[in-house]
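Remarks on the structure that follows.
So that you can tell them apart, the chains are marked A, B, C and D in the order they are listed, and the count of residues begins at 1 in each.
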Amino acid sequence: MIQDAANTVSQAPDALAPFKSEQLNLIAGEGGALEQLLFRSAGQNVQAVMTDGLFLLIFWFSVFFFVLLMGLMVYWVIRYRRRPGVPAPVSASHNGPLEIFWTVVPSSALLVIFIAGFRGYMSKVVAPTDAIQLNVTGIKWDWNITYPNGERSAYSLPMGTKKAVKIFVLPEDTSIQLLMQSKDVIHAFWVPDYRTKMDLYPNRYTTYTFHTEKLRDDETYRDHWIFCAEYCGDQHSEMYGIFRVVRKADYDKILTDWSAGSLSCEELGQLVYKNNCISCHTVDGGSGIGPTWLGAFGTTRALEGGGSVLIDENYIRESILYPQAKRAAGFSGQNMTPFLGVLSDEEIAGVICYYKSLGSQPAGGGEAAPAESGAAAGGSSTGG
Amino acid sequence: MSHSHAQTAAYDEMDPHGFQGKSHGDHVIVDWRILLGVLLALLFFTALTTTFATLEQWVAGEFAIHIPHWVNVVGALSIAVIKASLVCMFFMQLRYDKPLNTMIFLFCLLAFGIFLGLTSLDLGKRDAIYGFKKGTIKPGGDAQSVTLTGGKADIGPRYETTMGKSMVEFARQRYIDRYNAMGVDGEAKWAAEMAHHLAGHKHGQAGAELPDANRSFSRVGVTPHLYDEHDPVAVRALEHLRSGGHGPAGELPAGESSSSGH
Amino acid sequence: MTVMDRPHDVMGHGHEEGSFLDNRGLGFWGTIWDWASTVDHKKIGVMYLVAVLTMFFIGGVAGLAVRLELFEPMTVNAANEVEGVLFNAGKLVQTETGEMVRDRTLTAAGAGNTYNRIFTIHGAVMVFMFIIPSVPAALGNFLLPIMLGAKDVAFPKLNLLSWYIYVVGSLFGVVALIMGGTDTGWTFYTPYSIQTDADYYRVVLMVGAAFILGFSSILTGLNFIVTVHKLRAPGMGWFDMPLFIWAIYATSIIQVLATPVIGITLLLLIFERLFRVGIFDPSMGGDPVLYQHFFWFYSHPVVYVMILPGMGIISELLAVHSRKHIFGYRAIAFSSLGIAGVSFIVWGHHMFTAMGELASAVFSALTFLVAIPTAIKVFNWIATLYKGSIALNTPMLYALSFLFLFSIGGLTGLPLGALATDLHLHDSYFVVAHFHYVMMGGTVIAFIGGLHHWWPKMFGRMYNEKIGMLGCALVFIGFNVTFFTQFILGTQGMPRRYASYVEHFQLLHQISTVGSWILAVGFLVHLANFLHSLVAGPKAPPNPWGGLTLEWETESPPIAHNFHHEPLVKHGPYDFESVVPPHCSEEDYPLPKSVS
Amino acid sequence: MTTIQTKSGRKQARWENYQHEAHWRSAADEFDAAKLGMWLFLTTEVLLFAGIFCAYAMFRMLYPEAFAIGSGYLDVKFGLLNTVVLLISSFTVAMAVRCAQKNQQFWLRTNLYITLVCAGLFLLIKFLFEYTPKWSGYFFFLDPTLGHYEKSGQTALWGMFHFVEGYGGKRPGAFFDYPFAQHYAEPLWWAVYYGGTAIHALHVVIGAGLLTWVLVRSYKGIYGPKNYTMVETSGLYWHLVDLVWIFLFPLLYLIH
């Protein structure tokens, strides 16, 4: 069962209210000036510390060589600048031992970098046996995470005009293993604060691991951004998520709370809408990537390639599970992600309740509205 | 890489590459008997490799002997390499040609080898740490079937969804539906035909009993804890796995997908 | 350069000829036809130059647009407006009621759709249509035969054909752009590139463009290899070749060996797009990572197709303008071949987040091998400056900029090759900054520097040195402001290909965008300078820089057959200590006392 | 046509009067360069096919059963026949080069004709006996394997093609429509099969085109001991087509 703070005002005075806060507690300003500049904050967990250490090692190694080379370059350019009538002094055209020296010595440093990199990598891909396994699913353009107890919920906070950014809670000081798959195209799950990312594929599972940090005494939670790092289309840049690290006791309470809560059919549908559908479908009659839901139920929809269909429960269910089966006219460029295996039957039923609740009378232009609103954009040539 | 550089010892200013030293006669005219001999050898090796492969399959099937699959692969490919070398050396005259051309060709084969080797290092060893990284989640998943006719609005083929089925199942379903529409029991018709096929009265030529050689490569399955219980396809695949999913390739699990067990 | 006079009739040289730019009294259309049907490598080189600079302009405008969007991400509505104007917002379709409305293919709810198309244009145009052919096809075509002392490349007609293929390929790309662009990114990763846009012809056109351009690249490379093998002037052994030739030679090897793989990859992708054959489509059992292997097997070596010719140019520029024998000639020559060789075994470092652990480890280890020949080159270049006679003019300033920027580009490759750090930095702005430092700070800077260096030779006119140096300074400053900030953005966690971002990245993005404006002004200054030079520049002497390679032997611009007499090479390309440059006096170019 | 009048009045075959292009130092140089260029081009062709071979290898590794079953659908007879046809054509091309070198104009043309016939035969076998039945289920009436199947009675093209129910539909990817497939990756096998053989067939067509051009020009007496560059380089291309088939044949038909 799914419960969401933003939608359920009916809850009694809530011990868990702080964790639904829209106030992000992003970590910043830890560590030295260089670390703050480079990473906004020094690494807080073991993976980040290993990565930062290696990065700074490479950084100072690079700075050394760069300053050396550029220093020599600038000095020689000034020292040996051309003077009319003065020839360049004779010098050796090559020097075997010197060339071997500057080949071998930096190369051995590369070996060190490789080994350190490999060690850090292993800490990110091999999980300890006691790691909590979270199932991560990437769909265009959102993250879903299923917890070990079967809950897949998230708190969310509104962001920008439309998106609700999901908040996934994690216990502090715990190893987490992410088991990831995509439902459509390639995504990549990046948590910059933990310095890890891995691609998600639609045909197989990928995985990585990290260990969450310990909270400071004065914090109740700490937030980390999740970004999609593999280009996945239109709203790739809005495919956010937030990891909210809480104390272990709070984590257990929140998970229990999720499984205990209950929502009406319609509320559930609205929540599913906010978490999955809002990227493409509006509920206010406005234009979107897909048709608006407002007032659509019970109407007849023109289909791509001719024909039409009555929008009823069966059609909605079919369109969620197999969106390409009957495509609305005027949306030929968009392939909706099939939600087969993403939403449970209960959730689909919720969506249908919510869809129905949005009324059956077209508010604006009826079912043809999306196609018309596209005409607002100018130009006259054809696209195909 | 320089054939001409090697000649700098006897450097001639007027003819730095030593062209004048060579006449047109430098290019070998290959004796026709050699060419014919090579052709006969090639035909012989072709016969050999075909016989070998057929015989191997027959022996494995007839006597139920497990022949490791590499025998088949190595046999066929090594004969192919011999044939290719013959063509290169005599028909393409690399044997009589400047070594540079041979080197170029070998470099190209090296690049090919690197390409193949390092790609298979990834795709073949995804399961180096976790076995489940190799499995396939939802084979054939939301494939789109193409219909060649129809589609007046757009030029080109139109796609219809396979409703979560793989292409293979979708094709089977279309067959069944076609017969159902004709008033015949499609399922029964399909089952009968399939049995007919597998019994050797085949329309295609897949044997009823594929030799063990075909199955000597065992796949790493998907570990159960990965399945998210909301995924019906995954759940079915899991059940299939638990019921001994490494069954013969000829059996499709009932339901939507043949999944990852193979 | 010393040339032994030889009887005219030996090679058919020697009759009086004018500059290759003379139109010989042909009228306007005659001149056009003369150029369109020419097999003269110099004219083809100039035509390539015009074509790639046009593409650089298109790609550059797209790049500026990308930066502009990131200065202050557009609102959704504004993005839709822009999209309507730029991309015509899809085709007209007929509704059931019979009225024509605009298909909503391109009207998106996010700002991303416009942005995605623009960065795809930027990437695809810059990579396939500008950088890959820039140095080899434009400067290489012009210079390679002259530097070798040949009359033309080995297969002149093939050379013209490859130019036409290039133009056709580029037109495909431009048509795709006019029809609305594609939003796949220049890498065309599956399954996104299979699924996006129901109107799939655009993607097919763009992929087809890259496919066709590949043939142009292959034919040019093939031509150059044969030319180097068979058409070196008498007396020119392998180690008497200018290092630019070595670099082009190594480049050509990569082009010939790697490009066919992208050919088959893109062909399969086109099949995939049109017919859904399934090889790269996971829903059919295909494997998207296989596509990435196919793609990077070409696209990593092609990174060296981009940078190696730039390195060749820098070797020439540093030697000539510091009047010094290049330090460690053989080391530089062999490191070019070494880079070409190693380039084929490191492609996996583009896919550390996609591959299995074993392959990742192996590829990471192999990746560091690239650093070795690259470092050797940089050390040798710096050592060349030692005890030189260094003239600070525009080409030399560009060469020094190259050393500065390429060093940063190279060194920032280290954390991307190391596995642990790459898992953080992969697909972030750090990568963007890194490859811009290498591709732009390396290749483009070398290209512009080389253009200044050989401009007098190509067109017979000098450019204004002061304006050139001003332009160089603007480009250098603008470049660093634009891209150094992106390193920090990357380490801080800014993913690439984002149309918008979370708040705390905005300051750095804005600095970067301002830098891009400075950069654009710098390039415009150069453009103006070059145009002015063409119209009113003073006539260039045959050897303005005191170079020793064969192109300075002939006139500026060269005559139609390059040389009056077939040159006979008597000294190395960098013997500045013992040879007075051709067409130069010893007063201007004094030799060290110990020799003269 | 095949001769030209020299100043001295002696008739001379065109090849005798061959002049190399101006930027070469000698005809020998030009010949070497052409051959070198062709070999470089052949490497690109090999690496083009490398993509197909690599896809084959990877998917065979991932789906061994599908590829075993898929290979079983192919008829070794036709593969064998095509191999023999191509080998013979390769031999005749090598002979054609030899004839050009020895100025045996008649045999040069004869060998080229045989090669072209073989090329046509190869394509015919491929399209009539392999592609068409597998794609659509229609068998050519001369197909020796037609007797094994029950004809449905449906025919096409004036009775030249007979339809067999449940045989066709063996197509790549989204076109797949074969109801009796046993493994979900079979469409992928067909993608590799059609991809590999179709691109190879395209090369057969290109090679045949080159050889036709050589044949036409040979009637003008252009080729002879002093000038057989085109014969040799086109021949090299044709051998490459053969070379690729030498590997495609066992990979597709024999390895199971």
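Following the convention adopted for this analysis, a residue touches a chain if its C-beta (ideal position, glycine included) is under 8 Å from a C-beta of that chain, and two chains touch if they have at least 3 such contacts.
Everything numeric here is computed off the predicted structure, so don't read it as measured data.
Undergrad: Hey, which pair has more contacts between C-betas, C-D or B-D?
TA: Most C-beta pairs in contact, of the two: B-D.
Undergrad: Cα centroid separation between chain A and chain D, in whole Å?
TA: 50
Undergrad: Between chain A and chain B, what is the gap in Å from one C-alpha centre to the other?
TA: That pair's centroid distance is 37 Å.
Undergrad: Cα centroid separation between chain B and chain D, in whole Å?
TA: Here the centre of chain D sits 19 Å away from the centre of chain B.
Undergrad: Among the residues of chain C, pick out those that touch two or more other chains and give their numbers.
TA: In chain C, the residues touching two or more other chains are 93, 198, 201, 229, 257-258, 261, 275-276, 278, 281-285, 287, 289-290, 293, 357.
Undergrad: For chain D, give me the residues that contact two or more of the other chains.
TA: If we look for residues of chain D contacting two or more partner chains, we find 25, 29, 32, 36, 40, 43, 46-47, 50, 54, 58, 62-63, 66, 173-175, 184-185, 187.
Undergrad: Going by the touch rule set out above, which residues of chain B reach two or more other chains?
TA: Where chain B meets two or more other chains at a single residue, that happens at 17, 100, 107-108, 111, 115, 119, 123, 126, 129, 133, 136, 139-144, 146, 153-154, 157, 159, 166-167.
Undergrad: Which chains touch, pair by pair?
TA: Chain pairs that touch: A-B, A-C, B-C, B-D, C-D.
Undergrad: For the complex, which residues does chain B have touching chain D?
TA: My answer: residues 17, 19-20, 22-24, 26-27, 29-30, 32, 35-36, 38-39, 42-43, 46, 49-50, 52-54, 57, 69, 72-73, 76-77, 79-80, 83-84, 87-88, 90-92, 97-98, 100-101, 104-105, 107-109, 111-112, 115-116, 119-120, 123-124, 136, 139-140, 143-146, 148, 157, 159, 166-172, 174-176, 190, 193-194, 197, 203-207, 210-211, 213-217, 249-250, 252, 257-258, 262.
Undergrad: Going by the contact rule at the top, pick out the chain D residues touching chain C in the complex.
TA: By the definition above, chain D touches chain C via 21-25, 29, 32-33, 36-37, 40-41, 43-52, 54-55, 58-59, 62-63, 66, 172-175, 184-185, 187-188, 191-192, 194-195, 199.
Undergrad: Which of the residues in chain C end up touching chain D in this complex?
TA: 11-12, 150-152, 154-156, 158, 218, 222-223, 225-226, 229-231, 256-261, 263-265, 267-268, 271-272, 275-279, 281, 284-287, 290, 293-294
Undergrad: For a test of understanding, state which residues of chain A touch chain C in their complex under the given definition.
TA: 26, 28, 37-40, 50-51, 54-55, 58-59, 61-62, 65-66, 69-70, 72-73, 76-77, 80-95, 99, 102-103, 106-107, 110-111, 113-114, 116-125, 160-162, 184-186, 188, 190, 192-193, 195-199, 201-203, 208, 225, 227-238, 240, 279-280, 282, 287-289, 302, 308, 329-335, 368, 370-384
Undergrad: Looking at the complex, which residues from chain B come into contact with chain C?
TA: Spelled out, the residues of chain B in touch with chain C are 1-2, 4-5, 8, 13-17, 100, 107-108, 111, 114-115, 118-119, 121-123, 125-129, 133, 136, 139-144, 146, 153-154, 156-157, 159, 166-167.
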